[in-house]
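In what follows, chain A forms one complex with chain B and a second complex with chain C.
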Partner chain A sequence: MKFALDTGIAGLAKKGEELCGDVVEIKKGQNSTVVVLSDGLGSGVKANILATLTSKIAANLLAKGVSLPEVVHTITETLPVCQTRKIAYSTFTVIQIDEEGRFQATQVDNPPVLLVRKSEIIPLTGKVKNIAGRNIMETSLELSEGDIIILVSDGVTHAGIGALLPLGLGIDGLIKILGNKINLLANAQEIAEEILEHCETFSALEPGDDITVVVLKLRKPVRGIMLSGPPLSEKDDSLVVEEFFAGERRRVVCGGTTANIVARERQVNLAVDYFYDDPLIPPTGSLPGVDLVTEGIITLTKVVELLEKGAVHVKNKKDGASRLLKWLLECDEIELMVGLRVNPAHMKGDLPFHLGLRATLLQRLAGLLSGRGKRVHIKWV
Partner chain B sequence: MEVNVCVGSSCHLKGAHAVINKFQEALGEEPVKIKLGASFCQGRCTEGVIVAIDGVVYERVSPDDVPSLVEKHRGGCGIGD
Partner chain C sequence: MEKIAVEICVGTSCHLYGALDLAQVLEEVNMKYPERLEIISRTCLGNCDKGPNVRLAGKLLERITPEELRNIIIQLVQKKEKENE
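Up next, the complex of A and B:
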């Protein structure tokens, strides 16, 4: 993996509408990410349905390996044209970025996609093709680290109409704001939210159209390693700990006995907190050079449960499982170093958890993280 | 008085949290200074909850045992001293 994608989305429905008629669909595949921004005709429920249809069809077809031109063809051929207005029901932009930084965009009637490279802000142009009566612009280029891609719906370029800007912000206005007012060094979500705030201000807080901003930033992948469980053979303890600390990456230790081994091998002090943020999850500890130390099985079980639930809200939580999950989600590439030694103290009888659980649990965790676009590698030790 | 409660997986499941709470209550009442701390697995999982007071290890500690343990070690008269 050469690059990882930092994504940010911000949006606002037209004044008086519950639903936004712009829909964003992001699908992370094994080697590439697909982003679709679709703007349904009109506003409210109807627009939302049309945009949802467009973006879902596009993202799903692309994820199944159908080529971008074919997908665009399918959508333009199949989506209906409005009887009264004689125009298509939705406009859309589809982009695909792979891990090597190869970028492809197809734009159908949306405002131009912007590329921010160093201090330059460039609206992307490309070959214009006519597919099923619609003008479709295709662009492909190689991105490099630090490049930012910005997709907006026409609610952004029209921001201010009927309020502070008679002709609307326009793409030139947006470029000016990006150049002068917005901190482009911030993360993708912050940039997206800042652009949205400017649009809201120009509309005097009463947007006349749905506003959506998608920001994608190419960055170096964040690499992390988790050590969980003592190595099968005690002889390997020092080697495993040495490998765990090798290279430049973020680190967590997940397991009390494992943490004790690391402390012993490194001859450092393991500090364990007795404060319970959540009585169901054991407290955490700290080791020099390690981002986080947690208990093993119970914490991991909770992390898997949280991931299986789908939506994750761990931002302000302090318990071990939430912090471990946050750490995992911040990484792009994760190595799970899983020790297979059974704690002799666990062998003695009446313990309420199953032996061999760790291996199964970590395999499930690996699967869930892959599903979120992470590259996960398990190493059994 | 130095108290160390194991919060490893097994002791956690056997009620380490309640034992810690009980010690915390005692912290408030005692004239003796109690330094409360925690540790991960001490390798005696089947005997949990494991608590070490001034170096003396106690097994199968329940919250109900806490007052008498504190009483026993009050004034630094623990065996570990």
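Up next, the complex of A and C:
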């Protein structure tokens, strides 16, 4: 793997709507990643369904090796056109980036894709083709390390209409903000959230359309390992801890008992906070050589919940779940080392939850992270 | 003056049993009587099914409520103060 993609997604539904009519789908294939941003006509449930259809069809076909033009053809031919407004039910952008940095984009009516290279911000243009009555723009180029690709739905370029910007932010406005106001050295998720915040402000906090921002940053692959749960057999403790510290990678420990085992085996001190940044999430701790120590099951459940929601807000959040999620999103290749010893204390007493679900929970987490383009490997210990 | 060691468990079980409320009591007492308490967080005190747990000056207090904890700690702090007078 020469390059990895740091991905960030931030979004907001139109004011008063539960569901967002923009849908982002990221699929990681053998050597390439496909990202689809689709915007369904209107907002709410119908828009969401149409956008979901578009994204899923595109991502799945591409992942199966169907070529980009064929996929676009299939979608434009299959999806309905609105009878009254005579416009297609969804607009979309599909991009494909491989591990060598080769980039291809197909844009169907969405705002232009932006490329940030060093300090330059360039809207991507390319050949325009007409497929099934729609104008389709194709671009291909070679990306290099540090390049950033930004996809937005028209909720971004229209931000401010009816509020602070009568003509909307527009693509030029977005470029200006990117150049002047946004820290492009931050990670992809932070950049996406910052763009979203600006749009929210222009809309006076009442967005008139669904807003979605996808940020992709090319970087060297980051490897990480998470240890969660004590090993099934106690005599494996030292071996597992040794393996956890082997190699050059980032590390997190997820679980109080697990953290105690690591501290004991490494003969180091485990420091735990008693400050609650979020009353629902137990405090975090620290261990030398480990990026973050969190509580186990409750924190993991929250991380899974946040990932299932789609768009995440972790910027400036200090609680264990948000920090763990941020850490996970920063990694490209993640090994989950999952201990299967059940904490006997979780099995008795009158605790409000059933807590013996670590394995299931981590499987769900692995699935969600793969869905974000991460390469995930679970090792049961 | 020697500080009173208070170990509060913030592990999963104790969290579910309400460790947050105990942490708030400790904060509050710590503000009122600065420099008297040495607060240490623990991830488990080995008594999970009888949480929330606090170990105060070496003594384990199980199923402790915030009110009880507040009273016990304040009494202890005041007793220490008297001894030192």
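Everything that follows uses one rule, which is that the second predicted complex is superposed on the first by the 222 of 381 C-alpha atoms of A that agree within 3 Å, B and C clash if a C-alpha of one lies under 4 Å from a C-alpha of the other, contacts with A are read in each partner's own complex, and residues count from 1 in each chain.
Everything that follows uses one rule, which is that a contact is a pair of C-beta atoms (placed from the backbone, for glycine too) under 8 Å apart; a residue touches a chain by one contact, two chains touch by 3 or more.
Just so you know, these numbers come straight off a predicted model, no measurement behind them.
Peer 1: Once the shared chain is lined up, is A:P112 touching chain B (first), chain C (second), both, or neither of them?
Peer 2: After superposition on chain A, A:P112 lies in contact with neither partner.
Peer 1: A:T257 in the overlay: touching chain B, chain C, both, or neither? Say first, second, both or neither.
Peer 2: both
Peer 1: For A:P283, using the defined touch cut-off, is the partner it touches chain B, chain C, both, or neither? Pick first, second, both or neither.
Peer 2: both
Peer 1: Between chain B (first) and chain C (second), which, if any, makes contact with A:L270: first, second, both or neither?
Peer 2: After superposition on chain A, A:L270 lies in contact with both partners, chain B and chain C.
Peer 1: For A:G224, select first, second, both or neither according to whether it touches chain B, chain C, the two together, or no partner.
Peer 2: Neither chain B nor chain C is touched by A:G224.
Peer 1: Give one of first, second, both or neither to describe whether A:I297 is in contact with chain B, with chain C, with both, or with none.
Peer 2: Once the two structures are laid over each other on A, A:I297 reaches both partners.
Peer 1: Hey, what residues of chain A end up touching chain B and chain C alike?
Peer 2: 256-257, 259-260, 270, 272-274, 276, 279, 282-283, 285, 295-298, 343, 345-346, 348-353
Peer 1: What part of chain A is in contact with chain C in the complex they form?
Peer 2: These residues of chain A touch chain C: 256-257, 259-260, 270-276, 279, 282-283, 285, 295-298, 343, 345-346, 348-353, 355.
Peer 1: Provide the residue numbers of chain C that touch chain A in the complex, in ascending order.
Peer 2: Within the complex, chain C touches chain A at residues 8, 10-13, 15-17, 19-20, 23, 26, 39-44, 48-50.
Peer 1: Where on chain A is chain B touching in the complex?
Peer 2: 255-257, 259-260, 270, 272-274, 276, 279, 282-283, 285, 295-298, 343-346, 348-353
Peer 1: Touching chain A in the complex: which residues of chain B?
Peer 2: 5, 7-10, 12-13, 16-17, 20, 36-41, 43-46
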